[in-house]
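Structure below; questions to follow.
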Amino acid sequence: MYSNKNSRSGSKRRSVLHEVIFEADTPAGKAFDIFLLCCIALSVLAVMLDSVKVVRIQYGGVLYAIEWIFTILFTVEYILRLLCVGRPFMYAKSFFGIVDLLAIAPTYLSMLLPGSQYLLVIRLLRVLRIFRVLKLVYYLGEATVLIQALRASRRKITVFIFVIFTIVIIVGSLMYLIESEESGFTSIPRSVYWAIVTLTTVGYGDISPKTSLGQALAALVMILGFSIIAVPTGIVTAEITQAMGQKKVSTQACSECSAEGHEIDAVYCKFCGAKM
Amino acid sequence: MYSNKNSRSGSKRRSVLHEVIFEADTPAGKAFDIFLLCCIALSVLAVMLDSVKVVRIQYGGVLYAIEWIFTILFTVEYILRLLCVGRPFMYAKSFFGIVDLLAIAPTYLSMLLPGSQYLLVIRLLRVLRIFRVLKLVYYLGEATVLIQALRASRRKITVFIFVIFTIVIIVGSLMYLIESEESGFTSIPRSVYWAIVTLTTVGYGDISPKTSLGQALAALVMILGFSIIAVPTGIVTAEITQAMGQKKVSTQACSECSAEGHEIDAVYCKFCGAKM
Amino acid sequence: MYSNKNSRSGSKRRSVLHEVIFEADTPAGKAFDIFLLCCIALSVLAVMLDSVKVVRIQYGGVLYAIEWIFTILFTVEYILRLLCVGRPFMYAKSFFGIVDLLAIAPTYLSMLLPGSQYLLVIRLLRVLRIFRVLKLVYYLGEATVLIQALRASRRKITVFIFVIFTIVIIVGSLMYLIESEESGFTSIPRSVYWAIVTLTTVGYGDISPKTSLGQALAALVMILGFSIIAVPTGIVTAEITQAMGQKKVSTQACSECSAEGHEIDAVYCKFCGAKM
Amino acid sequence: MYSNKNSRSGSKRRSVLHEVIFEADTPAGKAFDIFLLCCIALSVLAVMLDSVKVVRIQYGGVLYAIEWIFTILFTVEYILRLLCVGRPFMYAKSFFGIVDLLAIAPTYLSMLLPGSQYLLVIRLLRVLRIFRVLKLVYYLGEATVLIQALRASRRKITVFIFVIFTIVIIVGSLMYLIESEESGFTSIPRSVYWAIVTLTTVGYGDISPKTSLGQALAALVMILGFSIIAVPTGIVTAEITQAMGQKKVSTQACSECSAEGHEIDAVYCKFCGAKM
C-alpha cells in the first residue's frame, strides 16, 4: 500500500512534505511543529480532564469529540510521515515511529472492543495515548549535553541502583522480623517497599516503625539515604563538567615547546609565543 | 503632575534625593536602605500576625493602624522615587517599579471595596503586599554569581523540568488505572499530583498506593526521583564551577591587539603573539 | 577433612575447578557465574514470596522444596570453593567466605531447632540467607571508581555524620521540652528519631510538632537539612572528579630516576630534570 | 580565686597539666581525651535514657547518681582547665569555655531550684547538659577542609536562604487564601510552615492542600524545591573542589620560562627542564 502511494507521489512533492514534517529549520517546518505541539498538549489535556468525574458528566460528549478529532489528525500525520520518508519501515520501527502509532492506536481499539467488561482495559489503552507527549522531547534540541553525560555515567548509575536494591532487600527483611504486622510490615515485599520509601527520603508515613529497634534501624537507613544521594549526584556532575569542559581545551600541542592545554581560540602558544 | 513637581524641584535637590534613595554607597543612602529594610520586615510581620485568629481578636486595631502607617510611608517613598529619577516612566515600568506599586496598592483597594462580599478578595490583595519583600533581593549584591550560573543553566533546566512533567503525567495516568479510587487516585490530575509528590521525594502520604502493583510502580518512581535529582545539581554545579573559574581569567588586555580574556598564566597574547 | 580431600584431588583438576569457580574471563567461568547469579536471584525471590501470607498458604510446600534445593546447591559450591582454592582458611575467613557460609547456614539451623517457641528466631535466621545477594556486588567490576572515591572521602563523611548526630541529639532534646507528649515526643530517643526523620527530609508525619515554637524549630531543622545535604554531595563530587581526572596522569616512568605520577603534558621529569 | 590558685601551683606542674588536658599529641593527652570522650558519650546516654518513662521508673536512682558523678568529674576538669591555662578569662570567654560551663551548670541549677513549680524549667536546664557533646567536634581535626569550604560559601548560602524565606512567605500567604482552614492552613505563619515542609521535600502530610488550585501550587513548590536544592549543592561542591585543588598547584613560577601551574612536589620546571 505504501509503495503504491509512494510511486504515485512525485519525489518533489515528497521532499517538500518531508521538509515540512521532519525538519524544524524552515518557516513552514517550524509552524508545523508548533501546531503539532499545541495539538499534543490539548489532546493530553482532554484525556486528563475526561478522567475527572465532574468534568466527564458535564462535558463528556465534547471531550469524546475532541479525542476523535485529534486521533484523526494524528492518523493523517502518521500516514503522511510514512509516505514522505525514504524508508517507511525504518521509520515505523524507530522509537518515534512506535510512539506515533501508540499515540493513535488506543482510540481505534476502544471502538473494536465495545463490551462493557473490557471498559477498564480500554481506559488503559486510552491513557497510553499520553505517550504521544514523549514526542515533545524530540522537538527540543537542548537535551544533547544532558543525554551525553547520562550515557557516560550509565554503567556507574547501574552499579549504584544495584547496590540500592541490595540494601533495601536486606533492610526490608530485617524490618519484617523486627516489626510486628500491625505496623504495616505484613510481608518482605511490603517491607522492601517501606525501605525504598525511606531510603529515597520520600517518607509517606503509611508504613512506619513503632518499636525502638525498628526506629533505630529506620534512622540508620535515613542517614544512609541522605548520604548516598551524593553518589549519583557526584557521578552526573563529574560527567557534565567533563562534557562541558571538552568543548574548551584544544588537543593541539605547540610545535615549538610541545606544551598542551591551549584554548581552542588560541593562535599563539601562551608559553613560548610561537605561532601554532 | 510629576512633570510639574519635576520643574519645581531643582536638579540639585533631585540628585541628592536620588543618591539617598537609589544609591547604597553613601552613609545617607545606606541608612535609608537599612531603615527601609526594617519597615518592610515589620510590615510583613504585621500582615502575617494579622492572619492569626488569636492575635487579630486582641490586637486587630493596632495591626490595622500599623498597616496604614507603613502603606503611607511606602506611598511617600514611591512618589519620591518617581520624582527624583531621570525617567519616571522607565522606573514605573521596571520590575521594581511594579513591585513598589503592588506593595502599596492592596491597602488602598481594600478601602474602595468595603462590601463584605469582597472580603476574601481584599484579603488576597492584602497578601500581595508581601511582594514588597521581593525588594530585599535588590539590596543584596551577593547574588550575581548565582544568577549568572542559573542564567547559563536556564535552557538545560527547562529541558529537565519538561522531562519531569512528561514522566509525572505518564506515571500519574498509569497509577490512575492501577489503583482504585478509594486510595485517593480519583482522577488523572490528582494522580499526577501524587506523582509529583513522590518524584520530588516530598511524600505527604495523603495519597499513597495500596495495591502491590501500585507500590512497585511507586518504588520505581522514587528511585527515579532519587537518581534524577543528580541532573539539576550537576548542571548548576558545573555552571557555578565555571562562573567561579572565570575569575581566573586575567583582566589584562593585550597592548598590541587589545584582545581580552587571557588566562592569568599567559605570557604572550594568544591572538597576536605579542609579549604581555 | 579439607586437607584429606586436597591430597586426593590432582592439582590439574583443582586448577580447572578454580578457573571455573573463581575466574570470570573464560567461557566456562562466565557461564558458571551467570548460572550462580540466576540461582541467587531465584532463591532470594523464593524467601521474599514465602513471607507473603497468601502465597505461603498455597505454595508453602513448593517454596520449602526450592529453599532446600538452593541450599544444597550453594553448599556444594561452598565445599568446591574450599577444595580448589590454594589456602582454604584464608578464603573461609575472607568477607565473601563468611557471606557464603551465612548464605547456607540459616536453612540448616532451622532444622536443628524445630521447637515452635524458636519459630521467630528461625525466621530471622532464614532472612539472613538474603546476605547471599551481597555476593552479586563481587561479580560486577564497574564499582572501582565509586569505591575509590568513597574511600577517599571516608574521613570527611565520618566528620559529617558525626556533626549530623550532634545536631539531631540537641534538636531532639529541645523538641522533647517544647512539645507535649501528646504530639508523639514521649522521650528524648524518640525525639531524636523525629529529628533524623526531619533533617534527612524523609518526613513520615507519624510524629510532628503541634505548637508554634515546635514548628518554628522544625522549620529551621528542615532548612538546615535541605542546605546540609550539599556537604556529602560536594565531598563525593570533588572526589569523583579527582578520581576521574587521575586518568590524565601519565603512566610513564622517568627513565633516569624511575619516578611516576607525571602529568601527560610533562616534557621533563619534575623530580630530576631529565628529558622524558 | 583563680589567680590565688594560679600562684600556688608551680609553672612546671601547670605545663604538664596543660599538656595532658589541652594537647592530644602526647600519649597521656590522647588517653585523657579518649577517656573524656567516653565520659561525655555515657553522660549524654544517661540523660537520654532518663527521659524514657519505663527506664526512669526502674533505674531513676542509678541514672541520678550517674548524672552527679559525671557532673562532679566535669566540674573538676573545668577547674583544672582554668588553672593550667595561661589566661583563664580568655578560655572562660571562648566558645568551648562557655560550652564547658553550660555542660555542668544545669545539674547544679536543678539543686538550687527544688520547687515543684519549676520542674519543667529544671528539665530544660538538664537537657542543656547535652551541649557538652559539642566538645566532641573540638577533638576531631578532620573538619578543616569542610569548614574552609563552608566559610567561603557563607555569603552565597545566606543569599540562597534569604531567597528561600522570601519564596516560602509568599507561597504560604497565597496558600492561606486558596485553602480553607479545615485543611490545616489556619494562619499565614502556619501556611509558611507548610511551605517550608514542602519546599525542603520533607512532606509530613499533617497539613496538605485539598483543593485543585492548592495542589497545583503545591506541585509547583515541590518541583521548585527539587530543582533549587541544586544551588547550595553547586556552591559547596565548587568550593570544596577549589579548597582541595589549592593544595595541589604551587604558586611558584619557573625562573627560566616563567611558566606557572607546577605541582607542589615539582623540583624541575615541567616545560623547560630548569631547576626551580
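The chains carry the letters A, B, C and D, assigned in the order they are written, with residues numbered from 1 in each.
Following the convention adopted for this analysis, contacts are C-beta pairs under 8 Å (C-beta built on N, C-alpha and C of every residue); 3 or more make two chains touch, one makes a residue touch a chain.
Quick caveat: nothing in here was measured; it's all calculated off a predicted structure.
**Q** Using C-alpha centroids, which chain lies at the maximum separation from chain A?
**A** Max centre-to-centre separation from chain A belongs to D.
**Q** Examine where the copies chain C and chain D touch and state whether the two sides share over half of their residue numbers (same) or under half (different).
**A** Chain C vs chain D: different; shared/all numbers falls short of half.
**Q** Taking contacts as defined above, which has more of them, B-C or A-D?
**A** Between the chain pairs B-C and A-D, A-D carries more contacts.
**Q** Among the chain pairs A-D, B-C or B-D, which one reproduces the interface of A-B, with more than half of its contact pairs identical by residue number?
**A** B-D
**Q** Provide the C-alpha centroid distance between chain A and chain C, rounded to the nearest whole angstrom.
**A** Each chain's C-alpha centroid was found; their separation is 30 Å.
**Q** Using Cα averages as centroids, what's the distance between chain C and chain D in whole Å?
**A** 29
**Q** Hey, how far is the Cα centre of chain B from the one of chain C, in Å?
**A** Inter-chain centre distance comes to 43 Å.
**Q** Roughly how many whole angstrom separate the Cα centroids of chain A and chain D?
**A** 41
**Q** Which residues belonging to chain D are in contact with no fewer than two other chains?
**A** Answer for chain D, listing residues that touch two or more other chains: 160, 189, 192, 201-205, 225, 229, 233-235, 237, 241, 259, 271-272.
**Q** Taking the touch rule as given, give the residues of chain B at its contact with chain C in the complex, in rising order.
**A** 201-205, 233, 237
**Q** Okay, in this complex, where on chain A does chain C touch?
**A** 155-156, 158-160, 162-163, 166, 169-170, 173-174, 176-177, 186-189, 192, 198, 201-205, 208, 212, 215-216, 218-219, 222-223, 225-227, 229-231, 233-235, 237-238, 241-242, 257-261
**Q** Which residues of chain C touch chain A in the complex?
**A** Touch list, chain C to chain A: 44, 47-49, 51-53, 120, 123-124, 127, 130-131, 133-134, 136-137, 140, 142-143, 145-146, 149-150, 157, 160-161, 164, 189-190, 192-193, 196-197, 199-206, 225, 229, 232-237, 239-241, 244, 264-265, 267.
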